[in-house]
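Note that the chains are named A, B, C, D and E in the order they appear, and that numbering of residues resets to 1 at the start of each chain.
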């Protein structure tokens, strides 16, 4: 709460810049239209027109906020016009993608820290996996989840399976990198101490490496959950854009409604923001419980 | 019996016939359970059918023939669209009045398998597309008409039933625009046909299924042509993103109806020949290198349209 | 037989790591790669996977050889112009903002939440806007990369700037170090392990961002353009040839960042053993 | 029971450090801990003050408060007539922590020259001073090593060298010689006395060694634990010049005895 | 000049620790550092061995080598007839490091029960032992605090408690009492002797205090620096039972003198 003042100040500044930007970027269209119609552009017209275009280059905040508000409140959350509905669709894939991605990232990190062979054999391929665009993998993922009918068997849509896979694919990597660093963070003395106890490797992990990796883990989890959301949204396109925030952005873009795109964009960003804040909350809680938040 | 139909693009009135057939129970009457899979960017219908993700797909003939040459034996079983809705839309103020003015201009083009008609046309015009002087500069156009509105391109690709309407909606008057319909330039290629895998056709059960499917689909199409506004509303209902607008879908349905009007579903061999000729004429870099064999059949439509 | 091959590769790797650690750094990944490629080739042939779904490595290799010029031009357009430029600008901006945020408590409390929010805007939404603002060429791709890279670097850098322990900070206080000096001598060095964490993640994001951004409008050049066009043409071997280049470029990029990390953070316990 | 230090007879200098009714309470997860209670103390310019008391009695906390690293919950604390914060900005302090606290990314020599760099000494001067103090603490030849390559005692010596390299008015040292062997410790004790005599610095020094406290100090502050209070302030009658064997004189032994008694009383308190 | 320890007269037990020609070289950024050179030493079961020597002479390194935390570059080192690695797997060691090395995410009590947890003691036993050693080092009531809420000396005591909580055969202590005041130190010295007498553990103990070394040990190993060598091994003739005032006996003073001479020689070497 004590952040309210500064946040508001920064937001105010951004809003001011945004409005200025909207006038500046949308002006070209106003002038073009005027010259096509052979009319003059007055200052008043310029201001009022740039604030209310149907397909502005940069929609002013109130247009976006209005659309966002409408999307959030004007329809029942179960309506396909409701941003709540699409947000939840995307969130579901984000969540599962994040869960699987985190588990995968952590498991790989453990393997990498434990064995040099795994590190050398796996790490370059983990890096490479991140350089393969989803576009190229999507057909395989879609075909696999369709033909194997995995989703049908566990009672969810294959869409969700594909999206989850893509979200997990994008989010495991930040977790992997952070965890490798974190699991290696304990200093020599701390490791030596456990050695003198004859602690097993599992004990060393549980009692030392894991706790000391926490700050790194959480920094990565925050990046990871945002990546997972991006993955879910990206995953909505090549899996058949039916529903979800990504699908809405695509349709808005295809049919020339930038305001819809921006509203969906902000809905996604708000979702990401909320997820990151939730993650930060979990972080504070965990670190405090562990006595690491001093 | 289930049929999976992979569309070429997102849910919109371009595919109204299928949605109408579904909504009005024409498929059900044939005993079919049809699953309509919307497309989108990065969805290549040919790839989906190759991977077993669909039984039948909607594609443009140039890309279907190209796929066939690549070893994926697609066969056209029906052609609900008689004529092409593809055109190049230019801002008059850029000074483009005829194809001769394209030289040294920037043109927006859809890729992802949609570029073949354009490339054929340009090579027939003798314009290079690699950006060299005297040729044209090609932009890979995104999903919308912004490049024209923002004057990033002199001309962009539009469909009569979709993007052209958007340009008008945006507030540019028709008289400020110059359009070049592929039909009128003599380079039209067949759009939105139904394609299946050749091997499947040998299976009588599959053939039977497709006969029913095409029959019901054409019923849907003719219904949509007759009741365009109702069809547009059905499409709107089917759009799960909730972002489509009624006005635009009604406009689109109106324009699409003009393209499907001349077809009863059976492929017109003359249209096919013209398409192949256009594609083969592609100068140094033709889309297809040899006359395709067996790329279409009346096997289904003959039975479906008795 | 497969199990035997795995075991053999495993033992060979262990031997290499013990006997020739330098060589092993190259040998083991290559061994792993060859193994994966072999498996891939065998599987695609055995199950007759259609080429339009997943081509065999041999077909991909053929496509690489046949398209060397094309691959080079795409590489320059996407990696050098799009990804690297955007990466450098985005990472630099994130570091600067992190420093600013760390230094001015008002900003930390005001900008960080808002920054988290803005930077979490997904690429699919950002890319069309950037194309609208910066045009079709590589500049808009670089802009997308800037936005994508910014968040991971910022988050890590902010965490890193707070990483110095109490005694290390107290020392600076007793010396009456100015904030700038404290930054230079303490916060920045202490932040380096975290920063590199972010930089490594960002390195891969940059490449993928530049590639994906080309789907939203581009000249007829670039790896993303080629990939999506070739998918549309069902020229999957060419798609995978581009991916191979992307993978190679990504690994080299990542390797360079890792090498820099080893040089800069040699003192961190996680690096000392190496 | 707190006690005010009387100015040492014959000394007229202004107080360097003055504490009046200083209290300091830490808030912890299981309740507040009173680390300092009602501390009154005057330290004059040029004093060598040792703090001695059982572990956990608040010696470190008091030193930190002087250096403006902690802020008293109540009471006033002035340093050269300023607040500790102001004094810090004037770079009045050299501080040696209980643990070495070297920066792992700098070599030993670079660690030592760091405060010099911060305070704007010239390159040559930095070099010269670094070599001198490295020599002083017997670490010649280790300048290019990194902290983790040194033994614990060597690290501690490096940290002492770092604090000695620049000429702060007030030198605060928290058990600087705890990790050193007797012989090095004796050497460094002598060196420290020399430095102090030569420069007239004010030195605050925490130690657990009674002989060390007596040998070095003009004033010995005995503290008792939880809550940390001052139980005795002893002004040393020993002369400024102190050869090592002064430790066998009766005065020395008497003071040492008084300190030991004070400490025992503190422990009994526990 | 290395020296082999003769078995203490009248002792017949098997050697607990035996070093033969041990050398240990560290590779650093600016060349190799020879930390141990040709070290020969026999420590019998039940011995209390102190290591004393100038800072940086290799005491810590030798202790670490015994605990299999470093590996000699050459020579052989056996512990209870096994390699140090094997002995470690048998959980033969309790180790107190030169710095406290508590885990910041665990409370003091949790830090102490950590080895017990690892070694599979029951919950009740863990609880009971933790309380007992907390009491022993005078930290009752601090179990629920986190390490950074404790003073330096208290942290060090917690780390001693941690090593005492489980009954390792061999207790290795690296300057455990360096940060403690004299009175607490005396107390803990006595406690340690009691523990040792009661349990017959073998103890390796690094200290910088000559009186402490003499008071505690059955065997004093004097080392000289760079490269670390053993210059003298003194078997103490003091009885097993040692009241604190044994420190004023002539035998005591004589041994202390011999140690001091050994140390001085080492320093001269420098």
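Simple rule for what comes next: a contact is a pair of C-beta atoms (placed from the backbone, for glycine too) under 8 Å apart; a residue touches a chain by one contact, two chains touch by 3 or more.
Please read all numbers here as calculations on a predicted model, not as lab measurements.
Listing every chain that touches chain C and chain E alike gives A, D.
Any chain touching chain A that also touches chain D appears here: C, E. Simply put, of A-B and C-D, more C-beta pairs touch at A-B.
Chain B and chain E have CA centres that are 84 Å apart.
Put simply, the C-alpha centre of chain A and that of chain C have 17 angstrom between them. Annotation: 53 Å between the Cα-based centres of chain A and chain E. Each chain gets one centre point, the mean of its Cα atoms, and the points for chain D and chain E are 28 Å apart. For chain A, the set of residues that touch two or more other chains comprises 57, 135, 139-140, 143, 188, 237, 250, 253, 291, 294. Looking at chain B, residues 41-42, 44, 47, 51, 142-144, 146, 150 sit in touch with two or more other chains. The multi-chain contact residues of chain D, meaning those touching 2 or more other chains, are 29, 99, 146, 148.
In the complex of the two chains, the chain D residues touching chain C come out as 64, 67-69, 88-95, 97, 99, 101, 103-106, 114-115, 117-119, 146, 148, 166, 172. Interface residues of chain B facing chain A in the complex, by the touch rule stated above, are 10-11, 37-44, 47-48, 51-53, 142-146, 149-150, 166, 169-173, 176, 239-245, 248. For chain B in complex with chain C, the touching residues are 41-42, 44, 46-47, 50-51, 63, 66-67, 70-72, 111-115, 129-131, 137-144, 146-147, 150, 152. Looking at the complex, you find that chain A touches chain B at residues 28-29, 33, 36, 54-55, 57, 75, 79-82, 86, 135, 138-140, 142-143, 146-147, 237-238, 240-243, 247-248, 250-257, 260. On the chain E side of its complex with chain D, the touching residues are 26, 28-30, 33, 52-56, 59-61, 98-99, 138, 144-146, 149-154, 156-157, 174-175, 178-185, 208-210, 260, 263-264, 267, 270.
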